[in-house]
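In the two assemblies presented below, subunit A is common to both, partnered first by subunit B and then by subunit C.
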Partner chain A sequence: MAYGYDAHPALRRWLLELAADYRVLVPAEKGGNRIFQEVGTTDALVFGLAQDRTVLPAKKAFLPPEEMLFEFSAGRILPAMPLDDTIVFGLHVCELSADRLLTANMTHDRPDFHYLVRRNGGIIAGVSCRRTSGCFCEKTGHDQIVPGDFDLFLDLDGCPGWDSAGTGEQCGGGAKTSVAQPRLIAGSAAGRKLAASAPFPLENATGAIRAPVAAASSKTWPLDELPARIRDSFGATIWDDLAARCLGCGNCTIVCPLCYCFYTRDETGLAPETGRRLRLWDSCQLLAFARVAGGHNFRESRSERIWYRFSHKFMRMQETLGHAGCSGCGACFHFCPANIDPQQVIADVLEVTDSA
Partner chain B sequence: MPDKTRQKEAPLRNEYLPDQALVLEVRELAPGIHHFVLEFVDPVLRENFSFCSGQFLQVSLLGIGESPISICSPPTQQGSFELCVREAGNLTQALHRLQPGDSLWVRGPYGQGFPLAEMAGQDLIFIAGGIGLAPLRSAIDCAVCLNDEFGELTVLHGARSPDFLLFTDEYETWRQSGRVETIVDEAPPGWRGQIGVITALLDLVNPAPENTSVLICGPPVMFRFVLGRLKELGFEDTRIFISLERHMRCGVGKCEHCVVESFYTCRQGPVLSIEQIRGISSALR
Partner chain C sequence: MGGLSPASGGRLRVGIFSLTSDAGCQLEFLNLADDLLALVRAVDIVHFPMARTFNQNGPFDIAFVDGVPARPDELALLQEVRRSTKVLAALGSCSSFGGVPAAQHFHDLGDLKKYVYRGMEDLDTLEVFPISRYVRVDLQLRGCPASKWEIMETVTALIAGRLPQLKAYPQCVDCKILENRCLLLEGLPCLGPITRAGCGVVCPSVGVPCDGCRGPTEEPNLTSAIEILTRGTTYPDLIRKFQKFCSLAPEYQEMFDRWRGLV
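For the complex of A and B:
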């Protein structure tokens, strides 16, 4: 059974109270989909559905699908100031872990101003998960978080209406509470402050919070080995086989919590001297991604574009940031019209590079 | 109110805001190729702007868009900088309509340029195909300007036809520091210069690899043949530097368009040694 406002009306009151000072996004139902929406616009907040993933990941709170970099008028530039007052409430452990890695990526080397203004000013609050079908966070190392990775965590384990019997595992910060009501775990000073008015008992985080354990058949991946394996697999026929199935639609990158590439576009009004420069989510799976003016395309083949995506996640991000750029949420698989399963792709990579 | 205690202490730099530059001069170097002399409107920036030969700027026109373009003037030039632009897309077509007094917008410089300081005391060979002479011209002029720091300079420039040979009025100056050879794919009757491919110029000058660095920029199709010939001549991969072109949006390693295997062309490139890209088949296409 799912858990939501029905089970605990006080949660709704508290979130609405926070919405007076913040933009509060919560995962809520809309048109049959689960979408991060502003708390004041929805009454359908719900946690713990069997299909418990949102269409767009929480990254949209800090890296909007479309944002203005600056406005211009009569030869003058007016910088856009990103808002820094967002609370995202209701992230699973894998999503919190992805947020940490995305933020590390945006801070690495040359920091990204717009993302970091939003993220540094934002608050993220997690919630227990029941494992969504097709997810595999334990394989990619995104199955636990520590204080600092989150500001607050709503532990629902043991609550009436929260059925964890499906896995028989708890998802929480410590020993199972005997009190059959949610508890909040604070992972930062900012989180503690917000929780002061919360209708739940508050505890300080004492250690890692883990995602519920997967089925026994699940096997972890050799993440340290994967960069070399992926590199060795360049040009292997597995990528051609995937290219034959892939529609090149770019869904996988749009729904991925750890994809962040973008393009820029200038827009003008009726008067061409007035307008704005935007940046918008892009996708490395689209044909024109690596095409330069004049027409030369540095990544013309679909099989190379697919290899490129997996190499970014399991080779480059692993090598530069020490973590795989895949949270294991399974969203790319769930939303893929060709049913391409990253678990199978990595299994294939491991197989074809096994003799090496 | 939002809790500000988590804000980073160091001020974040907004990389995406360009600076305004004015067109001082513009001339058509070849059909569809324009050469711009520019200066920053901001006097502090005009004074302090510094870069390395081979670095690029993100150049834009407001309302049109932004593209990476290499600087073609030497870092030794004070007060102004130059760009050489081939008409290829929306932005470059719009750039070609600019007149003296008009403005464009730039941010940068970005990327790694040619490591000229490490080449002090060496002979330099510049191999340029077409518009590839633009970033090399920055390095050539720099080496000419600092003549005593380098050995002999050799400039090899190939183009589609004689009309497309670039910076021809500067060859005499360059020749005072070395040698300039040109070759074209095809030429009208009466052309007295060389006709053929650029590797023919390497055969002509037959350079010795000792104490020599090679700087290359041109279309990808040129790389394989030039690099093959240089290898036969005995040049080591650590002494050959190549400037790569890629689609770029940010210039700071965030937009992901310019990635080649495990490096960002905008951060670790655009200039890389052949040693750095060894084994990466997608780099030289």
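For the complex of A and C:
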């Protein structure tokens, strides 16, 4: 089914125009997956902007899976300068909220130069969300955003036909423009500037934008209590049960919009005075993650590693940044071969620590 | 620089040796293409029967050995190479884990001689084991064939005097970063989650499930993996998959023992 930006000729034209000056990433189909790809490099059909998760989250635009930090040659170090002119188009509410928290995380304590150059030079445009299977942003507090969290937002709420029509015609893209128009909301000066050439009416942001309510009514989580609950659950058998199922494959953290762990590797050339330092994504679910020089491993068992993942998200990030390090996107569950669902994990933590 | 100090001044002396195998791992050196030209300028590849007419004996700074000793003369060669080499690298999954030849362990050797080498029943053949059974092995470059990337990483590391950084984590990490379709989630028996990365996830990237030719990750959760993988294949077929390339990997033995108990 062809819907989304290429079914909407005016949107397509606008994005191609922007791509002349910026690197523009949009969620587009490739090999059956939805992937943030560069406009102009693909003729792929673009899946419905408003639904389905991408494999890797938008963070890859600002924290690439592999990047060179510097190269060296004959005693001289040449730092790599990150690109800073990316527009990422099509983030859902939880992704915009995750982007805000990730940026706060990369700023506090020791600012991460490479991330911040890219992020500060980047522009992000959100889009209305229709929810995907297995997502739960209302539980993690990532179900609303305010204008500072985005530069532009494409509001499709007056335009349900966007997703189902199969053509853009019902949404002002074709001849029949009688039906409701999508509208753009500007959240920053940069967004307002871009919107000048956009094929949609522009409005200034007035307040928070919320994700649509989940279909199934779901219990909220006591986020303030979770740090203590997670701490108390250390050593509980729930972690051993998870460890019995988990393959330690790392899929869950690689697809997570709020994981940011990396390692560095130094490569030397055939002429050993030349080389480069790379940084690459890492994962706390991998055995070698907490292994240090001399061979000691701080988290030898899989159950400790799984506890660690959840403690970082619901204990440490909650305590240091005031928000859970989980947006509720459900990607980790979707891509986990062992079907490990954070919603179930937190429900279990709450159950085993319920002393009332 | 604190690299390996060359045995005879000048550049490092490298030997590439083949025992019983299909020599595909040696071929990977030739497949290095442009890198090969740079490589032969940086080190002296003095022994490489696949590519050289005249081959020198040791001493070697680095020896890459592919294949398994399947005849007494190959065992003698392996021991001679060890004696004359500073760093000995097992090249590929045959020398690391027995490879495809080690399938003999799942059959009767007498039967195999009868059916495979008809008329040569007096063939003087050894039981197949990884080369580490006979000599000290300093580095293991896994895979069928070994990966070009790991070959270059090993040589450049030894020139600079650092340890090669070979990947110990599972295929899924690299596969997910490439944003491939996950074959396991589609019900195909992909061994990626319990197989070491380093080949560039070549099979899943073209829609073929990982067959585990690079052998197990550290501490693979085989119990859970078997449960998940048998949703897409039968238990006997899965065991055969594990027996294909790396059947002598220590991590697999308990699984095979349990299987032998069942059949």
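As a working rule, the second predicted complex is superposed on the first by the 322 of 356 C-alpha atoms of A that agree within 3 Å, B and C clash if a C-alpha of one lies under 4 Å from a C-alpha of the other, contacts with A are read in each partner's own complex, and residues count from 1 in each chain.
The rule is short, and it goes like this: a residue touches a chain if its C-beta (ideal position, glycine included) is under 8 Å from a C-beta of that chain, and two chains touch if they have at least 3 such contacts.
Values in this document were obtained by computation on a predicted structure and should not be read as measured data.
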Name the contact category of A:D21: first (subunit B only), second (subunit C only), both, or neither.
first
Just subunit B (first), just subunit C (second), both, or neither: which does A:T353 touch?
neither
Partner chain in contact with A:F70 - subunit B first, subunit C second, else both or neither:
first
For A:E273 in the superposed arrangement: first (subunit B), second (subunit C), both or neither?
both
Would you check which partner chain A:R265 touches, where first means subunit B only, second means subunit C only, and both and neither mean what they say?
both
In the overlay, answer first, second, both or neither for which of subunit B and subunit C A:S233 touches.
neither
Taking the superposition as given, does A:D109 touch the first partner, subunit B, the second, subunit C, both, or neither?
first
If you stack the two complexes on chain A, which partner ends up touching A:P79: first (subunit B), second (subunit C), both, or neither?
first
A:P337 in the overlay: touching subunit B, subunit C, both, or neither? Say first, second, both or neither.
second
Between subunit B and subunit C, pick out the one touching the greater number of residues of subunit A.
B
Using the superposition on A, tell me which residues of subunit A are in contact with subunit B and, in the other complex, with subunit C.
265-268, 272-273, 275
List the residues on subunit A that touch subunit B in their complex, please.
21-22, 69-70, 72, 75, 77, 79, 84-85, 106, 109-114, 116-117, 120-121, 123, 188-190, 193-194, 231, 234-235, 260-268, 272-273, 275, 277, 279, 282, 284, 289-294, 296, 298-299, 304, 308, 311-312, 315-316, 319
Touching subunit A in the complex: which residues of subunit B?
1-8, 12-18, 20, 60, 62-67, 86, 88-92, 103, 105, 220, 245-247, 249-250, 252-257, 259-262, 267, 281-282, 285
Taking the touch rule as given, give the residues of subunit C at its contact with subunit A in the complex, in rising order.
1, 3, 38-39, 41-43, 153, 155-157, 159-162, 165, 168-170, 172-173, 176-177, 179-182, 184-185, 192-194, 217-221, 223-225, 228
Contacts from subunit A onto subunit C in the complex sit at residues 30-33, 35, 54-56, 65-66, 243-251, 254-255, 265-273, 275, 281, 283, 286-288, 302, 335, 337-338
